[in-house]
């Protein structure tokens, strides 16, 4: 991830992982690695003040001000908040002079360009309500096919064993029972499963960090 | 514009101008030029069978099959239909094996990531009905602030004299009277006005060809 | 079917079957036969340029300009486009001086006058996406109970054996599982099943060609 | 108007004017006269129990049960409730074995077949709230351009002097300021102004009694 | 219940049971009894002209004018119409100088303050259509999880044996299969089951008469 | 305001002013004073950690965790968050065992029981975007007539001179130009103007703290 001393001349996107789990940040970094080919600098940071994982509304609300403080430092031409609950995007937009992108919002917008209706794979059932509330706020819920959860423990998804298999099962339900024409991975840090999942499902699969970095790149190059 | 002989190894986006006006294609080419820095090939083509301009439903319907025929040739990893009426996107999606992006749809999705509500600057009043129909079809009309037309003649916009000034006036009305937090240039080929217009309005201004190429790049790099 | 030489003094509705299958045109003619009692001339034509059946977006887009060319000839006081995908209605409205009715749109509007929510019987699953897109465009999707497909081969529906029985099964699912208070036959040319299906289901069954001719008659007599 | 002794063999539509003003019934009778050419019997009746005019919610609620009682007599193959507030349509549908059509609902559905968005000319401002409530109930308010009132006294509209002129002014505002592509006359009994108003405005003008009789004819002939 | 002679000095809410079943009125009186602690007078009345139960649209329409006549007497500072179909609320609002509350509308509004989406327990399947129509009219149907019916006979619910058990089964389906975060008892007179049902389901359970009296109290104290 | 030592036996509502301005808390206390007649204890507290006023997204986000910490103390049977941006309601609902009410949400729900469409008087233009976002999230924006701002300085509203007069002007615009049938005071602490404003406008005026306390009382008494 980036060190402040090597501030590049190329336009710079800073992706902030709002939880303090550096493993997740590393996963995000791998997710966006191919986008560095676009000639922009993409720095992935771990928010020191963040909880180890964002699993509740309290976790989400706990990071809003630290995120806002970070983006006031103005060392980026675009910011990405890399948590599928999009915590703090509104306060960050107020605080930052550069554009701020939430990965959930960007994933949904990208999915809308690929299919009539989209499905979302959540990690836990408990997050779905929060996601639906955001979709209603965005006025985009009319094109949601459904959201379904993996309901795996953190240990299980971390080990990775069986995660892809479970994602395929849930993705097939979204595609066949709910009518989703595209599927969003409703989490950060699992980009390595994107392509195998897309191959298995035969419909576009959106990785949210990549979706947000894509839109961020668009504002830098245009 | 691209020549078929120099087919690059880099992933290739083909942007098709559905009208037969090579001047417009040249303008589109200039619009997407900065995006070539992203390490992808972007070829801009003129649709030989297209009318000189797409100003009516007939014009839009006339290009659907020629576009579909073009995209069946499979020499691109992503296609962009570069007319703000998004003619033929459905049939092209049926025909193509690669993703197909319409510039109007992509412009709206990009605007949604930047503002609560967006406005659109149309060239002519007569196009607004067609655009509204598409927004309803997309389920995105709830976040439209308003669409307003320049109502300039083709000669006037071609000459360029006064176009930016008129865009600023219309953009200010969208921003101040209609509450638009972002403004879309509802046409292809006027990218040179994007930045001055954004500077004048103080809100994000979306150029639709750039918005579509951005989303296309996202599918190539991910 | 009509011959151009016997142009009647009575106001004239021309129903255009956009596919080139004269059997279907004959079925449409039988569907609208009872409406000739209304004192209007109703001519049913086969579009020579049409594909043998309209089963894809390409099929639908292929007939838009031939339809527009036909309606510019101005030999009708009202036009009906007799395919449940309503191909070309927008360009025909632009081209014609007389009103243009699409049978899908008219079927839905008629169903809304008969029930809180309506169901649609499609021939094939593959058409449903296209129909939903139109309902969203029309802003009428909120009152759709569901659309379900017969999924019979063309040979099967042509032979007629078992078609009504399959329609009853699908119609019962729409009525009982989806809550449809009226059912639309989502195709042209099967009007002979309308009354038996209505008797079997006990809810209004809408035949789309009849629905469109009804609204066309309304504009001629008023 | 019909006398019960001459019950015709032709299928029979009964149009019920829910107010007790026989002048209005006569106006409705003239409105539907051209539709008798369709080979159906159309009887226009005055509801004896009705108030002299329906101008309030109380007026509308006062006629629901008398209307339901009337339609239980089963001497029609289709019923039309001829008041633009559609009083009693739900209870009449429960009570009648034949279809029941409300003129406001039918006018809106007919307008949707003619234009992207429709406008309504009300007699009085006080009725608009009632009409909007019904449009919301029908799920059709998304395509309303606007409703505007004539705000003329009963005496003024009865005399007829100046009514058409005022309708043209209001209709032009609906068309030009609100974007209505079709205009509904939001009252019964003024059919004589339909064609001149349509000629003056250059957009389709819908007379609601004619719209309802049209849909009723459709159910009789099909 | 109240006698007109003992008109209290305290602000007075009159709750009108629109059916003529005094048992139901007694049940409503017990439902609102705890709210008398709020220092307001709450009188529960039986509408003499009402049917014994309101089970059809005719029943609902039959009480509109008697209700309007009652509320014109002006002996209350707030009125509650205590039937889950909210019969006559519009005409009563026109007739009364004091606020008029329908229990269904108030129950839904209260539920919206407690949960993302709400479910409704109806007595009979036949009422659901009427309730959905009202939710659409109110513009609140987007947050309905589902409505499900007990489908018990009047005798069964009157005896009470098994009613709570059945409510728990239906409530669990609303909660678990439909995603309801709060449950409305879609009837008057069963308040005694509210707390046991809430304890069994573990989500808020709304009793509609209490919801309406609550909002009425708000207008008296403010 | 309450002292912790006198914890009453009566059910207890705690109203938390999320800003640290004790003057505002005193105003809220006066607003809810009449509701103590309902036999419940209502304690109004100042959030020590709050900013002096909540005027930005940062101000709103700054109080979410302090509010959540407060409501975990479980010394209330119902909580009210007394700021018209409803900061922290979601995290407080997660944290508290008792119901949590936001004053903006409750004001809107109360307004919906009084009028077809409601208007909101904001203090500053800058808050309107935040309020609209919440209305969209709640799925209730369809019944908003409009929101308009007083745009007075804090000093001006504090002094009170001219505040009511300005509210009347804005309220009249909401009523006459926007069609609002009820008006919400979009702020806490100005309850003293509620009744004069209602008298001036002739439509219901909702004070949000009173609206929230009303719904809280409902959950305590039922």
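Letters A, B, C, D, E and F mark the chains in the order given here, with residues in each chain numbered from 1 onward.
Methods note: contacts are C-beta pairs under 8 Å (C-beta built on N, C-alpha and C of every residue); 3 or more make two chains touch, one makes a residue touch a chain.
Only a predicted model underlies this, so the values are computations on that prediction, with no experimental measurement involved.
Student: On the document's contact criterion, could you list the chains that touch chain D and likewise touch chain E?
Tutor: C, F
Student: For D-E, find its twin among A-C, A-F or D-F: the pair where over half of the contact pairs carry the same residue numbers.
Tutor: Of the listed options, the interface copy of D-E is A-F.
Student: Tell me which of B-D and C-D has more C-beta pairs in contact.
Tutor: C-D
Student: On a C-alpha centroid basis, what's the spacing between chain B and chain C, in Å?
Tutor: 34
Student: Report the inter-chain centroid distance for chain C and chain F in whole angstrom, where each centroid is the mean of the CA atoms.
Tutor: 54
Student: Could you work out how far the Cα centre of chain C sits from that of chain E, in whole Å?
Tutor: Centres of chain C and chain E (C-alpha means) sit 45 Å apart.
Student: If you look at chain B, which of its residues touch at least two other chains?
Tutor: In chain B, the residues touching two or more other chains are 133, 136, 138-139.
Student: Taking touching chains as linked, do they make an open path (line), a single closed cycle (ring), a hub with spokes (star), an all-linked set (complete), or other?
Tutor: other
Student: Chain pairs in touch?
Tutor: Every pair of chains meeting the touch criterion: A-B, A-C, A-E, A-F, B-C, B-D, B-F, C-D, C-E, D-E, D-F, E-F.
Student: So in the complex, the part of chain D that touches chain F is made up of which residues?
Tutor: Listed in rising order, the residues are 129, 132-133.
Student: Sort out for me which residues of chain F touch chain D in the complex.
Tutor: Residues 116, 181.
Student: Using the touch rule from the top, collect the residues of chain F that touch chain A in their complex.
Tutor: 56-58, 60-62, 64-65, 68, 88, 90-91, 93-95, 130, 133-134, 136-139
Student: Could you list, by residue number, the parts of chain B that touch chain A in their complex?
Tutor: Chain B reaches chain A through residues 34-35, 37-39, 99, 101, 105-106, 109-110, 112-114, 138-140, 142-143, 194, 204, 207, 210-211, 213-215, 217-219, 221-222.
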